[in-house]
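Same chain, two partners: chain A is paired with chain B first, then with chain C.
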Partner chain A sequence: MAMSANLLAVPVAAPLLTAALILLFARWGGRTLIRHQIALTALALCINLAVAVLLFRGAAGQGQQFVLQLGAWPAPFGITIYGDGLSATLLLLTALVALAVYPFAVATIDYHRARMGFHPLYLFLLMGVNGAFLAGDLFNLYVFFEVLLMASFVLLTIGAQPAQTNSGIRYVVLNLLASTVFLVAAGIAYGTLGTLNFAQIAERLPLASPAVRTVFAGLLLVGFGSKAAIFPLFFWLPASYHTPPPAVTALFGGLLTKVGVYTLFRSFTLFFPELLLSWQPALLTIAGATMLVGALGALAQPGIRRVLSFHIISHVGFMLMGLAVALSGNSLAIGFGLGAAIIYLCHHMIIKTALIMAGGAVELHMGSDRLASIGGLVSRQPFLAFLFFMAAISLAGVPPFSGFVSKLSLLQITLDTRHWVVAGVSVFASLLTMMNMMRLWRESFWGDYSRPSRVPSRILQSGVRQKLILTPVAVLVLLSLALGIWGEPAFRLSMQVAQQALDRQAYIEAVSPSAQISTLPAGHLTVPAESVSTNSPDGLSNAAARTPLVSR
Partner chain B sequence: MISLLLAIAVGSLFACGTYLIMRRGQIKLILGLALLSHGVNLLLFGSGRLIEGRPPIFLNKTDYAETIKLNLPADPLPQALILTAIVISFGITAFVIVLVNRRHTVTQTDYVHGEFVPLLREGDPFDFSESTEIDQYDWLAYEVDEVYDSEELLTGFPTLPPSEQDESTAMEEDRYRWP
Partner chain C sequence: MPELYLRFLNRILTPVLLLLSLYLLLRGHNLPGGGFIAGLMAAAAFQLQILSRGHERVRRTIGPYLNSGIGLGLAVAICAGAVGLLDGIFFKGVWFSLNLPVLGYLKIGTPVIFDLGVFLVVVSVATSYLLGLSRVSDAAALLRQDTDAPVRSDSPASVMPDANVEPSHRAEP
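And now, the complex of A and B:
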């Protein structure tokens, strides 16, 4: 037990408290106070990153599980916060992405949007995302979803330009529908299983009737899948991601859909691992359709950010493919698919953020992101062109970068399990990605220099602003390169994480929801008589990190 | 019997909400979202079992163990869940109303072509001193001048290809036939 599980509270509490502090003391005022806001936000992001690194070292590196029962209430009654390797990996990546986008945001968000509360909203979004990764029961997951949705609504429409309000309505309505479906799933879980705690649901679900399991899984697939932008439910994403300021798009593209992907991973591995086999054809079909529609849709788009937002959809399909083959394969390869999906998730979060930021820089220089009307930036911004190129080939999966490792491992497990069609579709989608990336780079950097907009370019020429825009992109590209070069240890780590995530029994025992009450068959809401008097003698309810059992 | 009634109520709320969301009007959209959230709240309410006459709070402290043993108390959790859900949906409804109002204002009054250029501040981003020319840098000036795709806007209304003219574009161009 190297670390206290109390660390789990920091990724939620630090952004929340800092945002509250900003709203209290630095809200109304001129530019001096905005400078204070920036300093406070940067401080919170650094704290968040430090804690995420610590948690990652404990959870993914040493295989610990962190369980924090708030207020020391035992599991099914109190609020459970749970962190294992999967959560810690996503926390770390979220912290990295948030910290990397922030300098870009500082450099490109104008004074008036900052006055409307951009910086506290940034923190609220981070808090919601972190909380969703850590939530240990369905209703808190819903609440954190709503927190991040509310923050993203406002960030999407901040400034209230016509295009933003138009896209904002689509985004808001479709995401609210997804939340409604998810809340229905939570209600059904409580009505039929009598609990909302993840561990207790996982404990009771095998006893429930198949109808309950199917309905619950279907509602979760629709609700989470809509957040993750899988095939028939992705329409909110390309309708909205090209309208806010580029910094907001970079943040959204790095974080938002990944919350949906994480909840899909968590719910399917914890609640219905058997459905990963029996629903495998459906999941693979959805994954293939998502990949194909994303890549083909990107081919038809006229602007940089529109192309990139369609590629987000395409990549969600790859992750879903990894989840669908998570449990198949021979006995040695259990978890290989999920491990590949996790490393793909890491690669995607890093490089997609870098690419959207680079695209945003192009857009700021040109005043437009319409590919037909821009071009020739390579002579004016050679470093930006270089970074954009590196990020683009990493996204397409060219060897020294992380895209190659993650795509190769996904393809390997898919071919091993003899899913030829979806493997072929993924290769085809990768090819389309390559074409699209080359199209983006050629159209924006080659050709005659033409600037469709009359934005005074001198506002981009200051050295500090150039550094703030380009440094995070460079850092993320280097990270992707490192992930590709040290692919083997990274992959071994993600295999450990995947096997920890697939180990349901360890989760249930770590949270131990039934240490205080006896488990009865589903369908009854029971409070046994001695619930108060007999505390469990082994003291399972203490809020300490416990080392898990050996994985199966 | 009462649970059947509740099921019918939940179902009809969902049906009405779905129908209203699929209509074109924006007020109907808000109403549809509100009805859907009511439906979910009722569903959560039903998840706690509808049984008469069971207290969630014990006034008599002596025999509460017996009451629990007989599985008598009502479940207070769904009410707490509904309360949270109501608060959340209240906030979101307020936001959607503001958003729809803003869109209505924009499309009804003035025809605004483009978007703000996201970068409005100039100079050192860490330099927020009050006395520079930044203060005279009128952000409204950008609204007219610095729009995207200005080569299209210079000739008046943008002529997008028909494939890109969706409903919202039609609304912005005052050609939209309100239902």
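And now, the complex of A and C:
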């Protein structure tokens, strides 16, 4: 167990060490050096994927929980790294997305950007995302959020085009605001509960006063929600995703908002599951509004990447909807909503990345992604047109693909828990998605061939590059197809993951924040817990009796 | 540009700052100090060099090594954590005792090596920031001179942009 727990360090340590080695030798050599950087990065991505598969097999397949107390310091004092099914699922998908986007990036990133450190930044971003999925306390979660924010900020602005700098500033300001809100929440947790460790917060939060819980939950919802781009807080996303090189957009679209979604899942299931019931109207309203705004906003956008980035927002709404009904009593299964949200998350990460890459290929070929001025690519690039079409109908939820399974299960649970309005909204948003996808495909592939740019495009002419760009898209589309065809076993797996995530007691016992204290004088640790519990001795009953918030 | 008293101070203060940063680095295991603070202290020494000798010269001397310093520091820190795997757990402190012939008995552990890595990262990152800032402020001063006396022929626009595309100061986390 001890050795397998050390595996948890690999998704953070391997990208970091590789990036460090790349930086160490960054001085010497020109294009050969870049080639070595690419080889090293690819090696790190493969190691990361292998370890993620191992962790996924252990955690999601066999229901294990991996806990690594760094340096063998016991839980509330040391740094806890925790991996269960939910973390392992996200690690696996992140590894897949990162490995799939990388060939595309290699084929499309120019020498100048590579020399400015594109490859180490790619690894730093991966490290931040992995670390956020594995962090076992609020402070390290904050640190990894900052790591991924910094790496993504530089990736966004690298190359220093004016539009990039403009969007980069908006991106970094809005994200720093969200981080500040999150930091305030962490401060409140430390001030009132005396701890930052997830397990210990989960242990002590039921004893805290309802006011503390409400404020803590609200701040986390705002902080994580704005990372996840939920309804009133999504503005950073459409403002920034269309300016960097397409490879960067594909990576961001696959990974970044999903960190926010994961932290929402984790915090609501572990810290305040009771709020999933009492805040349900508010959460469902936000989810519905997010779905609708994303889909409607996409309808009005002129370019491929802008349409796709609005659809990311719309899909985050679907996941939030699944989370909101995770604990509602239903006739299907315990935690069905969360299971459906998790499989939706898998579907979304796979197919969104594929679609942004396919859209990026169109943009690179045409020299522009304005739908009004491009068209007729199907005659020049039939395979790309085919892949784009498959990815688009998967995103829209057409049966053999994963989109169908995930949307159907979400619809099932919302209908079963009698949330008719939000179910209707989700169907309407899916319909709009279908319309948008057809619009994208028709405008860019159908009709007469028209290419607005006069500069000859070499990206898709060279055979090697074309393979590097289209193979990962094809692989991801096949994965989505497999997830749809083997929907039943996949869904069973994601239900297991969801039930493990909802089992708070198992988390607390696995980390056991108060177990190893026996060597210290008795009463050393119980002091803060008692002082907290004196605030409201009847904290739990109070929470249960509280009236639910009225929806906004 | 560099003034006399600065050059004089530089001679005295730079060794003092560097020795002090080494001292802070080594005492950091049990007492206030450590890699981060020591790194900032060493960066202050480099800032003194920038002030007294001008950033061009400092950049020529140590500029090319800053990225390598960041990479080396990160690698050293991670490897110090990986040594803990010998004892079963990542980042577990492992202690070696060296028996030096003259100085006697020296106990050295992975936390010190980790701190050394942090020191390298901090000193490289902070120095590259300082070099970048001094370059930008130089360009701004040039720009101000130009607006005061607009007869100057070389345009300031050619100075500003390349201050931004200098590969040696990237914002690393």
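Criterion: the second predicted complex is superposed on the first by the 504 of 552 C-alpha atoms of A that agree within 3 Å, B and C clash if a C-alpha of one lies under 4 Å from a C-alpha of the other, contacts with A are read in each partner's own complex, and residues count from 1 in each chain.
Note that in this section a residue touches a chain if its C-beta (ideal position, glycine included) is under 8 Å from a C-beta of that chain, and two chains touch if they have at least 3 such contacts.
Worth saying up front: this structure is predicted, and the values here are computed from it rather than measured.
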Would chain B and chain C fit next to each other on chain A once aligned, or clash? fit
Answer with first, second, both or neither: which of chain B and chain C does A:Ala160 touch in the superposed model? both
Just to be sure I read the superposition right, which of the two partners does A:Arg442 touch: chain B = first, chain C = second, or both, or neither? neither
Is A:Arg492 contacted by the first partner chain B, the second partner chain C, both or neither? neither
Max touched-residue count on chain A (chain B vs chain C) belongs to chain B
Of the partners chain B and chain C, which touch A:Gly117 in the superposed model: first, second, both, neither? second
Which superposed partner A:Arg380 touches (first chain B, second chain C, both, neither): neither
In the superposed arrangement, which partner chain does A:Ala151 touch: chain B (first), chain C (second), both, or neither? second
Looking at the overlay, what does A:Leu176 touch: chain B (first), chain C (second), both, or neither? first
Looking at A:Tyr190 after the superposition, I want to know if it touches chain B, chain C, both of them or none. Which is it: first, second, both, neither? first
Applying the touch criterion given at the start, work out whether A:Thr32 contacts chain B, chain C, both or neither, answering first, second, both or neither. first
Please work out how little space separates the C-alpha atoms of chain B and chain C at their nearest point after superposition, in whole Å. 6
Return the residues of chain A at which the contacts from chain B and from chain C coincide. 146, 150, 153-154, 160
Chain B touches which residues of chain A in the complex? 30-32, 34-35, 38, 106-112, 139, 143, 146, 149-150, 153-154, 157, 159-166, 168-169, 172-173, 176-177, 180, 183-184, 186-188, 190-191, 243, 245-247, 360, 363-364, 367-370, 373, 452-456, 458-460, 462, 464-465, 468, 525-527, 529, 531-532
Under the touch definition given earlier, write down the residues of chain B that touch chain A in their complex. 21, 26, 29, 33, 36-37, 40, 43-44, 46-49, 65, 68-69, 71, 73, 75, 77-78, 81, 84-85, 88, 91-92, 95-96, 99-100, 102-103, 106-107, 112, 114-126, 128-130, 134, 139, 145-151, 168, 172
In the complex formed with chain A, which residues of chain C make contact? 64-65, 67-68, 70-75, 78-79, 81-82, 84-85, 87-93, 164-165, 167, 170-173
Complex interface listing, chain A residues touching chain C: 2-3, 5-6, 9, 13, 16-17, 19-27, 68-72, 79, 115-117, 124, 128, 146-147, 150-151, 153-154, 160
